[in-house]
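As structure tokens, here come the structures.
Each of the next two complexes has chain A plus one other chain: chain B in the first, chain C in the second.
And now, the complex of A and B:
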């Protein structure tokens, strides 16, 4: 019964990811795609959490934090590239 | 045009960098009994430095961390080679490792293993190589 609920949840999150993939492919502007990719990362975190419940293991819990950090850094990098055109500035003050 | 600033990103970075660095140290020391190790720990440490580079700029980060990352790579390789050669001093094959249990006060039972020294080498090499690549790409116009 409990596993059944977990599989239903996995199905729902997968459907949400399909919607986000549609937005990544179709999205008219680049910020749409970046936000959709961020959402895909967070949904991946949810899928890993539910899979680690299904597999009865705690070995994947580090991966959750890892994907959270990587999604944050990636989104910040894309946002800075869209905003300023460069990712690493040499000197902020005289740009 | 109004001068833009990213005060929210800079304030968030000041908090998040320490969380990422603590996570990388945890991943490094968890490597013997749990998933983790020097490679992923080094990648997360360089991820924290990359977040600093994104939020601030290259000049500020080289002021905060005045390391030549090529030398960091060299020191890491020295750690790995020294640990590998350490077995030769005791008339054992190369890359022989030892471990022992110690009972320091407050910390309880610990196992000290010379593989940690090898892992420190892996950590330093990964941080050095990643930061050298990123800084070299970032500085070229």
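And now, the complex of A and C:
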């Protein structure tokens, strides 16, 4: 019964990821795609959590923190690129 | 008996998290512009994933007697950074000129910026 619940939730999250991939492909503007990719990263965290329950191992729980940090850094980088055109700014006198 | 109660609690957390994630995607498909989609994704996905991670933490604590502190760190990190990334991408969308939806009633940021420009030019 508990495993059935886990599989149902895995199916829900997979459907959610398919919907977000639709938004990544179709999204009319670039911020749409960035938002959807951020959501995809967060959903991947949930999939890893449920898989580590199904496999009864705690070895994958580091990956959750890793993917959370990477998704945040990627989104911040894209937001800065969209807003300013550069990611790492040069020195003050070159601006 | 106590085992079944634990399974019920953990399963409830996980199922509610999965349904919230699915609701976020329905919002991402059906909402009309970037800002409303950003609203849907960054709020309900965060809550759903947080509930799934709390369920995982409870599972490993209750069934395997193993308190995973990195999972607590991950929950706190996701709760702190998801609103920030939502805010940043919404601001980047506005500043890079993405239009609001057709049915938007008022755009106060544009009005205030126009006012600021007039005040500067005077």
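Note that the second predicted complex is superposed on the first by the 92 of 95 C-alpha atoms of A that agree within 3 Å, B and C clash if a C-alpha of one lies under 4 Å from a C-alpha of the other, contacts with A are read in each partner's own complex, and residues count from 1 in each chain.
One rule holds for everything that comes next: contacts are C-beta pairs under 8 Å (C-beta built on N, C-alpha and C of every residue); 3 or more make two chains touch, one makes a residue touch a chain.
Quick caveat: nothing in here was measured; it's all calculated off a predicted structure.
Room for both chain B and chain C is found when the two structures are superposed via chain A, with no clash between them. Among chain B and chain C, the chain that touches a larger number of residues in chain A is C. In the overlay built on the shared chain, the residue A:59 is in contact with chain B alone; chain C does not reach it. Shared-chain residue A:76: touches chain B and chain C both.
Residue contacts after overlaying the shared chain place A:32 against chain C, while chain B stays out of touching range.
By the touch criterion stated above, A:91 is placed in contact with chain B alone, chain C being left untouched.
Of all C-alpha pairs spanning chain B and chain C in the superposed arrangement, the closest lie 7 Å apart.
When both complexes are aligned on chain A by C-alpha atoms, chain A residues 62, 65, 69, 72, 76, 80, 83 touch chain B in the first and chain C in the second.
Chain A makes touch with chain B in their complex at residues 59, 62, 65-66, 69-70, 72-73, 76-77, 80, 83, 87-92.
Of all residues in chain B, only 4, 6, 9, 16, 20, 23, 27, 30, 34-36, 40, 44, 47, 50-51, 53-60, 134-135, 138-139 touch chain A in the complex they form. For chain A in complex with chain C, the touching residues are 1-2, 5-6, 8-10, 12-13, 15-17, 19-20, 22-23, 29-32, 34-36, 38-39, 42-43, 45-46, 49-50, 52-53, 56, 58, 61-62, 64-65, 68-69, 71-72, 75-76, 78-80, 82-83.
Considering their complex, residues 7, 10-11, 14-15, 17-19, 21-22, 24-26, 28-29, 34, 37-38, 41-42, 45-46, 48-49, 52-53, 55-56, 59-60, 64, 66, 68, 70-71, 73-74, 77-78, 81-82, 84-86, 88-93, 95-96, 98 of chain C touch chain A.
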